[in-house]
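Shared chain: subunit A. Partners: subunit B in the first complex, subunit C in the second.
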Partner chain A sequence: MIISQLGHYSLIFGLLTSILIFFNSSIQIKKNDAIISDKTTGLIGFQFFFVFISFISLIYSFLISDFSNETVYNNSHTTKPLFYKITGTWGNHEGSLLLWLLVLTGVLLGFIFKSKNEPKKYRLLTTIFHQIIVIGFFVFVLKTSNPFNEIFPVQTEGLGLNPILQDPALGIHPPILYLGYVGTSIIFSAALASMMSNYVNKIWAKNIKFWILFSWIFLTGGILLGSIWAYYELGWGGFWFWDPVENVSLMPWLSLTALLHCIVTLEKRELLKKWTIVLCIITFALSMVGTFLVRSGILNSVHTFANDPSRGIYILTFLLVLILLSFVIFIIFENKSFTQKSEIFIFSKETAVLINNWFILYFLSVVLIGTIYPIFLDVILDEQISVGPPFYNKLILPFLVPFVIFMSIGPSMKWIKTNFRIGIKSLLVIIFTLILSFITVYYIGEKNILILLLFIGFIYLLLKSLDQLRQKTKNFAQIFSHIGFSLLLISILLNSFLSKEIIKNIQVGESFFLKNEKIIFKKIAIEKEKNYESIIGFFEILDEKNKTINLQPEIRIYNEPDMATSEASIKTSLFKDRFITINIIKDQNFFNVRYQHKPFMIWVWISTLIIMLGGLFAIFRKNKEVNI
Partner chain B sequence: MTRMFLKSKKLLIIKILIIFVLITINFKNFAISSTYSEEQTINITKNLRCLICQGQTIHESNSDFAESMKKYIKSELEDGKTNEEIFSSLVKKYGQWIVYDPGISRNTLLLWSLPLLLFLIGGAIIVKKIFRKI
Partner chain C sequence: MYSKKVKLRFVFIVVFLTLIVLTTFIVLKVLKDNVVYFKSPSEINLQSEISEKKIRVGGMVKKDSVIMNNNKINFIITDFKNELYVTFSGTVPNLFEEEKGVVAEGFLNDKKFLVADKILAKHDENYMPPEVKKSLGD
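On to the complex of A and B.
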């Protein structure tokens, strides 16, 4: 109880520090000191510390199951295992916003430490802009989503955490995702500050690149964890469904990816200044749009657990204020800040980056419009439509072909001007690509021309990127990310065409076939855990070589709240996953068994890790002159 | 000389764009065939929303509603109905909300055309940027 109050007061102190920092920084800008005073740095440290205390208090309240706290009461239960008591802290609206605030204040502290050699005015302005966001979120948390509300009389038992959130991958998914998602805020503040302090140049680009990579890597990791979770927990073997909640994490990712390519152009050639700044603003705006969509409860989806219009209206208003602010600053400082001398030649890396941005922004617009159009249609015309995978496939797949082809050629372009020579080697790569693609398409038995083109594009990208490993001046960061990306696309495509599944209603002792495999339902067992009871099905799979594989899918009946989930049992191998789930059929002895072959699943995860690895290379590559 | 070159470049870009638009249009027609199979049922149920679930397709869901829908679709296919007929009868009964493919209608014209329009605008800006000085 006392700890929970400590958390509450700590939040209020945090808000007060914000106001102090805001005024302290504004006064200092006018002074002629060369560096910012230790007082400001100290205050920023204190601010983070206050939020941290508040966050720890909430975790503690969850740990000791303090049911005088409303958030704990709504989302926890005494029988829950320790790990899920902790992860329950951010598995709800109030707690996750506190986490948001923690990251928000944390990245500013990180920025202040990392930017020691940069101009004072720029650092102070960044601090000021960042405090505007921080204050906005402090007020939001305290006013509409306070995690430390008390309830009276004190309850003896909580309502429990949604069982589908009781999972290790989903436990760490929010912190990782938020580091990326909220990390974009510092890019936004820094972009506005750099514009105002006339600092949009090579050095700025070089320094801000760290934060872009930082956000990008964590966002990639967060999306990966979310997909892995969806794959085994939701019980149907899919990992991406173009669900609005997935889309809102993909949008800043796309925008960050475009920005990543842009910032290098700014770093090397002092080009695309305006566009880079616009992208910085767009990226954070998309994070805010995502927060609005998810937190307002305006979406119909599995992830939405908040439903309160006042929250939505607050975020929306705040978002509009931030956009207006950046717009005004952009207009005022547009001419001062962006003097551009150099021109762009058609065959150059600059053009390649422009084309990259062109396509990525197109994909972004597809996702954005696909996500928010139905909401507008519902509000304006009161008509409900669903925008699902068919929409995205039709608008994205055809454009992926030219995109990956440009992506293959781009890295071998040179800055300023490239002279083209088509050597025998490049011809060999093309011939090899064509052969491989035709074999693949023949193997999966697909006659569609677009599928063939997609394979040609993806395989060409893979081979071209592998080929770049032989170059003298190679850039491991770019090559790894591109190899990872091509592997990801190839695995997704193969997975979607070669997946097989069979659904049967059977009793214990019966069996069925999928292709040459025999699936035998051996027995069931019931086990009792602390927070759930589980019905385990024992299955034996005889594959074509008569090897046995054992799979044990479960049905878990959780006690608090009373809810059943189906836990998949998966046997992963290099080329395919065997995936099985069971469900109870009401009032019968039969079980509904769903057995699937999911080819190349592990490659979807591995390739995403390779993409992230590329980002890590870029962070740890120090001061070496290399191209994108 | 450069003029000529520019013109042909622009033409080429336009041609490429036309080809992709054509492919896009063709792409949506390819999944339709008339013989009934297990895969066809899955194809249909994967594109239908389970109305009582949260963000799940009929195919994924094991709810009573989803199960009865699966049976209904199977029987419709056995009767020789085409995918399109099944979709349109479901839309009539449950509204556009049930299908994941929004389709092209008066309400969705902007949904489909806006991204493509933005793509064209983006292309125009880039072309202008590169050829500005020449």
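On to the complex of A and C.
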């Protein structure tokens, strides 16, 4: 109780510090000191500290099940395992916003430490812009989503956490995702500040690249965890559903990826200044759009904890204010800070980056339209629609072919000007690609020209990237990310064409076939755990070589809240996942059994990790350069 | 005469704008062909002709209407004014239950009969998809 109070006051202190920092920084800008005073740095540290205290108090309240706290009461229960008591802290609207605030103040502190050698004015302006965002979120949390509201009379038992959120991957998914999502805020503040302080140049690019990579790596990791969770927990054996909630995380990822390529161009050639700044703003705006859509309750998903229109309106207004602010700053400082001396030649890396950006922007618009259009139609015409995978497949797949081909050629282009020559080696790569693609398409038995083209493109990218490993000066970051990306696309494509499934309603003792495999439903067992009861189905799979594989899918019936979840049972191998889920319908004798073959699943995860590894290489390399 | 540079820029702008218009057109066209409309049994009943496109229907699973066999699950969706027979072979979500909200996606055979290929989950006990809530008149 007292700890919960402490958390509340700590938040208020955090907000007050914000105002102090804001004025303190504004005054200092006019002074002629070479460095920013320790006072400002100290205040920023204190601000983070206050939010941190707040966050710890909330975790503590969850740990001791303090049901005088409304958030704890609504989302926790005494019988919940310790790990889920902790992760339950951010498994709800209020707590997740506190986490958002923690990351928001944390990245500013990180920025202040990392930017010690940069111009004073730029650092102060970044602080000021960042404080505008911070204040906005402080007010939002305190006014509409205070995690420390008290309830009276004090309850003896809580309502519990949604069982499908009680899962290890989902426990760490929010913090990782948020580091990526909220990390974009510092890019936004720094972009505005660099424009105002006439600092959009090579050095800025080199320094801000760290934060772009930081956000990009964590966002990739967050999306990966979310997908893995969806794969085994939602029980459909899919990992990406083009659900609006997934789309809102994909959009900032796409624009971050575009930005990543742009910032390198700016770093090396001082080109694309305006475009880079615009991308910085777009990226953060997309993160905010995501927050707005997810938190307002407009989208219906597991992320939508509460339906409260006032929250949506607040975020939307705040977002519009921020966009307007950046727009005004952009217009005012446009001519001052964007002097561009160099020219762009058609056959150069610069052009390749531009083409990359156009494609990514196209993909981004498709996802944006597919996500926003249904909401728009609902609000304006009161018509309910949903946009499914066919829309995205039709609009994205054909364009992936030229995209990956440019992606294969781009890295071997040179800055400024490239002279083309087609050597025997490049011809060999092309021949290999064609042979491999034809074999693959023949193997999966699809007689579709688009599929063939897609495989040609993806395999070409893979071989080209592998080929780059032979070069003398290797860019490991780029090579790894590109290898990962091509592997990801190939695995997804193979997975979607080679997946097989069968769904049957059967009783214990019955069996069925999928191709040459016999699936036998041996028996069921009931086990009682602390906070749920589980019905375990014992299945025996006899594969074509008569080897037995045992799978034990579960149905868990949680007591607080009273709800059932299906736990898939998955047997992973290098080339194929065997995936089984069971379900029951009340008062029916049948078990609804779904058995699937999911080829190359593990490669979807591995390739995403390789993409992230590329990002890590980029950070590591940058540090090395600084040391020299 | 305009200089070569101005001409080039002009061509560039024209090409760029055409591309944008073309893309927008294609995107909207594909969007129109691929959206799935949400209807309640009563709305379907009012339609003069049944569309060949995929639709979503939401309502309540009628009491005692679920019949299962090895391959199929049959049930009735009701909004307490009109009813719709649904036949479905696939996985049911955890919370599929009689007298609970449900959304079925599939093709209409006639005004009273839907062949569903997907039944959508709702995520928790307190929560009902907005569409269902609406079609039941809250």
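In this section, the second predicted complex is superposed on the first by the 618 of 628 C-alpha atoms of A that agree within 3 Å, B and C clash if a C-alpha of one lies under 4 Å from a C-alpha of the other, contacts with A are read in each partner's own complex, and residues count from 1 in each chain.
Operating definition for what follows: a contact is a pair of C-beta atoms (placed from the backbone, for glycine too) under 8 Å apart; a residue touches a chain by one contact, two chains touch by 3 or more.
Nothing here was measured: the structure is a model prediction, and the numbers come from that model.
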>> I'd like to know which partner A:Lys394 touches here: subunit B for first, subunit C for second, both or neither.
In response: both
>> Taking the superposition on A as described, I'd like to know which of subunit B and subunit C A:Phe83 touches: first, second, both or neither.
In response: neither
>> I'd like to know which partner A:Ile355 touches here: subunit B for first, subunit C for second, both or neither.
In response: first
> Should A:Asp587 be classified as contacting the first partner (subunit B), the second (subunit C), both, or neither?
Replying inline: second
>> Quick check for you: in the superposed arrangement, does A:Phe327 touch first (subunit B), second (subunit C), both or neither?
In response: neither
>> In the overlaid three-chain picture, which partner chain does A:Tyr443 touch, first (subunit B) or second (subunit C), both, or neither?
In response: neither
> A:Trp236 contacts which: subunit B (first), subunit C (second), both, neither?
Replying inline: both
> Touch check for A:Lys504: first (subunit B), second (subunit C), both, or neither?
Replying inline: second
> Is A:Ala564 contacted by the first partner subunit B, the second partner subunit C, both or neither?
Replying inline: second
> For subunit A, what residues appear in both contact lists, the one with subunit B and the one with subunit C?
Replying inline: 234-236, 300-302, 362, 365-366, 369-370, 373-374, 383-388, 390-391, 394-395, 583, 592
> Which of the residues in subunit A end up touching subunit C in this complex?
Replying inline: 162, 164, 234-236, 300-302, 362, 365-366, 369-370, 373-374, 383-388, 390-391, 394-395, 503-506, 555, 561-566, 581, 583, 585-590, 592, 594
> Which residues of subunit C touch subunit A in the complex?
Replying inline: 23, 26-27, 30-31, 34-38, 56, 66, 68-73, 89-98, 121, 123-126, 129-131, 134
> Can you name the residues of subunit A that touch subunit B in the complex?
Replying inline: 234-236, 238, 241, 243, 300-302, 304, 343-346, 351, 354-355, 358, 361-362, 365-366, 369-370, 373-374, 377, 381, 383-391, 393-395, 397-399, 401-402, 448-450, 453, 501, 583, 592
>> Under the stated contact criterion, what part of subunit B meets subunit A in this complex?
In response: 9, 16, 20, 23-24, 26-28, 30, 42, 46-47, 49, 54-57, 59-60, 62, 95-102, 107-108, 110-112, 114-116, 118-119, 122-123, 126, 129-133
